[in-house]
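Once you scroll down, you'll see the structures, which are given as structure tokens.
Each of the next two complexes has chain A plus one other chain: chain B in the first, chain C in the second.
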Partner chain A sequence: MSDEKKPGLHSPLRRKLLMGMAALPAMSLLPRTSFAQAPATSAINTTGLAVTDTEVTVGILHSVTGTMAISETGSVQAEKLAIDQINAMGGVLGRKIKFIQEDGASDWPTFAEKAKKLLVNDKVAAIMGCWTSASRKAVLPVMEQYNGMLYYPTFYEGLEQSKNVIYTGQEATQQILAGLDWVSKTKNGKSYYLIGSDYIWPRTSMKIARKHIEGKLGGKVAGEEYFPLGHTQFNSVINKIKLTKPDVIYAAVVGGSNVAFYKQLKAAGIDLSKQTMLTISVTEDEIDGIGGENIAGAYACMKYFQSLDNPNNKEFVAAFKKMWGEKTVIGDVTQAAYLGPWLWKMTVEKAGSFDIDKIAAASAGIEFTKAPEGYVKIHPNHHLWSKARVGQAQLDGQFKVVYETPELIEPDPFPKGYQ
Partner chain B sequence: MFGDYSIGDLGAIFAMQGFAGLILFSVYVLMALGLAIIFGQMGVINMAHGEFMILGAYVTWMTSSFFQSHLPSLFSGYFFVAMILAFIASGALGMLVEWALIRHLYKRPLDTLLATWGLSLILQQAYRSVFGAREVGVELPQWMMGSKQVTDTIEVPINGIFVMCLTLAITVVVAWIMYKSRWGKQVRAVVQNRVMAGAVGINTEKVDRYTFGLGCGIAGIAGSAFTMIGSTGPTSGQLYIVDTFLVVVFGGAASLFGTIASAFTISQAQSTMEFFMSGSMAKVLTLLTIVAILMIRPQGLFALKVRK
Partner chain C sequence: MINSRFFNRSELIGFLSLLLLLAVILPFFLDTFRLNLVAKYLTYAFVALGLVMCWGYGGILSLGQGVFFGLGGYCMAMFLKLEASSVANTKIQSTPGIPDFMDWNQITALPMFWKPFHSLPLTIIAILLVPTLLAFIIGAAMFKRRVGGVYFAIITQAIAAIATILIIGQQGYTGGINGMTDLRTLNGWDIRTDHAKVILYFFEVFVLFACIITAQFIRLTKLGRILVAMREQEDRVRFSGYSVANFKIFAFCAAAMFASIGGAMFTLQIGFMSPSFVGIVPSIEMVIYTAVGGRMSIFGAVYGTLLVNYAKTMLSESFPELWLFGLGGLFIAVVLFFPSGLSGIWRDHVARHIDRLIAMRSEKSKRAWAIKSAADGAPAE
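What follows is the complex of A and B.
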């Protein structure tokens, strides 16, 4: 952490002076700006959040133990990096960000309990957290009851919108439609084999994909399959795929199953450089476990890849590796998690206040031009405008970007005709 | 769904499907053998079985990294070294656990469930601290990847053949140890009557320790083999534990033959049904069938003896 001190602002002398003056009733008569650059706490924090004259506290709530630690570790790292960078630039409204980290332990009731603890006991000004939809659904009522602000990083199934949540990942239509359009056009995809893990996100995503394939693209769905989470044997479905010979395999398999799925595809002789495979659940993080040689050639549809070639991203990747080690990889969700603290900082500064209601109202229209993915803007429905990109997995575990939507895609969490 | 295919195509698909069932069968046997010894023969409900497997997988990963950086010329053969090391590592950890934990609980078999469950959580967190929360990718030598073309349409995955051979070899060795060797006799004697076995001069503590170590060691080999088909992460062991217990309990806990028969039944049912319906439904039906059979035969398919 950078402890850069600006003597004029943070010297002990000034603190003493301020403390002395706080006792003077006359102080309230003087214009505040003449004493400090930062606005007074009482003005920007009217609801008793953990904001002092020098610090503001936020919460980080992810799983660092349990099954989901695999995925959520990257998000925690990205959020800490963003907080560090913001602090190095002077913090938010002149206050350094301090964070309290809680462990959701891959257990949804624990997430709810920890969220409540962060809001009620610690009075955090915002929470960066959650990963799975299940954890978000558990935390949502807590956020709404105690009026907190959650920055949620994962791409997810949509069908949700809350005053108390900013969704920094893509909702389903943003991620799915552009990718399908691309594969139908460039790979001449007519028949599709849909395969996913059996829970809400893949099921909702596949529903949207099927409607789009059958309704808009004029293709057909050759098969649709779901497997229990943690399933490790895919030989039967691979035979079915061989039998139906689809133009495109469309996959949303997650977790440990993912690794088994690609290893067995490879072993069964399905060559991904010939068989088109489009996945919405594999990022650079997953390839670490799958192994580049097992998935090279497959396409993934995301909004961010580590290999994106723009100055923002180069800076971000360098800073991330400097902080967390040369070998770490950055996936889509990790980047989305990085956006959270920045969007919050900008919203607070626009609102001129830490109050949750004011932040919720000020969020719409916030633009982040330094985003590693390029440029993002918060929509009034609290999701982000973002581009969709298609990348092809390479042997070294990175993606080569082969397509990018020309325009930002409007987030549409309640898509008409796709439900 | 078969309308559009020629007889030849269909034949090929059924051949490959049959092979998929055999691979699943080998995987189940390999998973269950270690537990069949520990749970079946010793009566210890070892919830940490999956974690012993993953230790084997991590050992394989470390061996592969070591060979890659230090002995690249021998890389194609590293897997055999890795399996031996995995056996030693998991077996040694197993003996340590037996000495520190399990031996105090032989008289309270149900408590071993809780103790080993706790152990599995400890091991998971230990892996997470040592190897990181993310999954690691184990690189395989070239000859173990891809598939073998039998005819134009029939392709057989090489790692599937490898797992089948390995399973066969280990099953034969375990069966010989348990039923033919002098030491196997001692193990069975201790299981049947600990006091009496001690009275005739068998060192029961030593037998227990080595048996537990053997079971864990086999789990290590299984974990090592599964790096070819599955993931290697701190919690990957959890993916296997339910199926493993299913196979052992369904087969009749005390019978090695039962374990093999039950692995065969479950794997064939599972892979055939998966072909005709979705994966989740196939699992549901398999589990329902097993529950129904266990209601009629609570002792499992092949119960040789019922221990009091």
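What follows is the complex of A and C.
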């Protein structure tokens, strides 16, 4: 067009031009396949997100400074790996993914501020982020107010469901019930000692665990104790454990406290190969700090272990180590974070649009067959169907999978009878 | 013109330029998102202002101002949370009508101390009085026993640590480490809209200037002079027959009240409150704002708060993994090269030139005025 002589307003070309313009609306009625592979930006982005003809911007929002950095770094790495792989395959709807990374600094208000910045200023099409429940609770009102899409990777307490969040980790019942059933059956668990860090996730988890133990398994709870985050003195509870001699110690101690907890257990002479210990808060990442020799023999109930033996996982572990180094370990949440960009890509392609409302509606039923954990599917309640697995910690810091539920477990964030 | 005895010339310039910056320039040039960030920074300016009074003038270094900031913030948050937890909004809970975190913690009835926060006037009274009362108790216990200086700073820090542990531990009553989130309306008015944010910003600027004028007023009274005297030579003031403890208690209480107002503003602006503003680290950060601004200067405190927080936002947006180093470097640079902070730079490098300029001008205009008034036949002053 620009090479031609420009038609003036009164030229005979003008009528043709007008006719052409009149035909434009009709063209939009043509099926989308008649366009080139990458659909027009105006058609797939009607709400002004950061989508150009060649690029789409997403946000990564985790703590890379502060106390949570040690846990969240794995999630950042997994998300960057997924974005890299998607871009290598041609991106999303013909657009390469560009990311803007923000630091939540282990501080919940900062998370809220940065989430708002990503949505309002940068107009990102999705945010992969948050880790602790507190950060998610801080970000959630922002996501709902500005209509964003958050892919949240951590296993968490449930009691939440939002149009603007996809929960790629397990909600509490998915992680707790199957593990307790297993330990009650195979280890003949009758009495349980519940130990957790003192905040919403362990408290809710223990509430569910107690109801299941007392109501469904016919066992009893020998004790229930909580310690502040970062607590390092577990001697009193270890003494109580020695006195009450529970069949199973059930632990949801998080973060750095784990190091002190397991070392002191060992020092007190509690041998985890004889005393059954089931934890829902120790992944390969935590063992890195605890040391394999201090925790070997304990069981963890997760949906993913780095040692899972399936082709998807082998490929994932190899790619992850290639990108981030041989020494890195991959925990449950890291894998869940890896799912985020992939699920988002598939949802966008199913919806044929980057619009948040369309993605929210199209999310239910999205299946990811290449997931390292095997296979996942998004439930209409925006959580994932997934399996629960029990692994036994080994000296080398890896888990040996000893049990896996035969079927995917349905996510149930508001479990009846457990509230 | 404002009473020239109330503000001297350089203070007047400071006052007017701050007013111009906050009430005209920033709202005009910034979009709502950035303006909301400035509003957040300004909530800390209240704390910094209080610190200028109690640390800068009174010489009482408190490393626990976060406690008062948090108390004010929590009082406001409790009111907003109750409003957001109407029976209709909380139908899915096992006990509808109470805040969601209470329901998660198996609490089935609203605790007694939450009840007054159903009413806005009582909430405002609580914001003003609860932290002041706490400051009074701490102050009376410490200063009457002549605990001061570093020991006082250490004790305030311990109080900050206790307050955090208490809030996190009592999560059924306080929301624990999550804090109180998802606050929506103030007496039915949605505080989350852009429109509301702008109105709240101007309201906050108005309150801030009211506090600045109050602080200036206190500084200029005999009380303010005694505070400064106390800082320089405590014993001499005591021997002159003044009760040093009472003046210290007053300065500490005033600083607490300012911090509390800031906290309440914060909750309104950001829509949530969490224990991460109460602990030792945020309390020390608040002292840094004051130090960067210049601990002797009321306006310096506001500018210092704005500068540090702006740097924090900018550095963390540009270098998410390295920003803390940049911020640390900034603090070191300020302490090394500008020990009296921004206000020191202003005084030594800018104000002098302005003074000279004005002196020249006013001489000229005085001459012109004299000629003119003589011509008009008006009595010359």
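Simple rule for what comes next: the second predicted complex is superposed on the first by the 383 of 419 C-alpha atoms of A that agree within 3 Å, B and C clash if a C-alpha of one lies under 4 Å from a C-alpha of the other, contacts with A are read in each partner's own complex, and residues count from 1 in each chain.
We take it that a contact is a pair of C-beta atoms (placed from the backbone, for glycine too) under 8 Å apart; a residue touches a chain by one contact, two chains touch by 3 or more.
All of these numbers come straight from a predicted model, not from anything done at the bench.
Enquirer: Using the superposition on chain A, decide if chain B and chain C clash or fit.
Expert: Taken together on chain A, chain C would fit alongside chain B, as the superposition shows.
Enquirer: Examine A:200 and indicate which partner it touches, taking first as chain B and second as chain C; both and neither are also allowed.
Expert: second
Enquirer: One more residue to check, A:398. First (chain B), second (chain C), both or neither?
Expert: Touch partners of A:398: none, neither chain B nor chain C.
Enquirer: For A:65, decide between first (touching chain B), second (touching chain C), both and neither.
Expert: Both partners, chain B and chain C.
Enquirer: By the touch definition at the top of the document, which applies to A:47: first (chain B), second (chain C), both, or neither?
Expert: After superposing on A, A:47 lies clear of both chain B and chain C.
Enquirer: Of the two partner chains, chain B (first) and chain C (second), which one does A:137 touch, if any: first, second, both, or neither?
Expert: In the superposition, A:137 touches chain C alone.
Enquirer: Go through the superposed model and pick first if A:101 touches only chain B, second if only chain C, both, or neither.
Expert: The second partner, chain C, only.
Enquirer: More residues of chain A are touched by which chain, chain B or chain C?
Expert: Counted on chain A, the partner with more touching residues turns out to be B.
Enquirer: First (chain B), second (chain C), both or neither: which does A:233 touch?
Expert: First partner only.
Enquirer: Looking at A:289 after the superposition, I want to know if it touches chain B, chain C, both of them or none. Which is it: first, second, both, neither?
Expert: After superposing on A, A:289 lies in contact with chain B but is clear of chain C.
Enquirer: For A:307 in the superposed arrangement: first (chain B), second (chain C), both or neither?
Expert: neither
Enquirer: With the two complexes overlaid on chain A, what is the closest approach of chain B to chain C, counting only CA atoms, in Å?
Expert: Minimum C-alpha separation, chain B to chain C, in the superposed model is 5 Å.
Enquirer: Common interface residues of chain A with chain B and chain C?
Expert: On chain A, the residues that contact chain B in one structure and chain C in the other are 64-65, 198, 228.
Enquirer: Provide the residue numbers of chain C that touch chain A in the complex, in ascending order.
Expert: Those in contact with chain A are residues 32-33, 36-37, 40, 92, 94, 101, 104-106, 165, 168-169, 171, 176-179, 181-182, 184, 192, 270-272, 274, 276-277, 313, 316-317, 320-321, 323-324.
Enquirer: How about chain B: which of its residues touch chain A in the complex?
Expert: My answer: residues 1, 5, 9, 13, 16-17, 19-20, 23-24, 27, 125, 128, 132-139, 145-147, 149, 155, 157-160, 226, 228-236, 238-240, 270-272, 274-275, 278-280, 282-283.
Enquirer: In the complex formed with chain C, which residues of chain A make contact?
Expert: Per the touch definition, chain A meets chain C at residues 64-65, 101-103, 105, 107-110, 112-114, 116-117, 120-121, 133-134, 137-138, 140-141, 145, 157, 159, 198-200, 203-204, 207, 228-229, 414, 419.
Enquirer: Would you tell me which residues of chain A are touching chain B in their complex?
Expert: Against chain B, the touching part of chain A is residues 64-67, 69-70, 73, 198, 224-228, 230-233, 235-240, 242-243, 255-260, 263-264, 266-269, 285-293.
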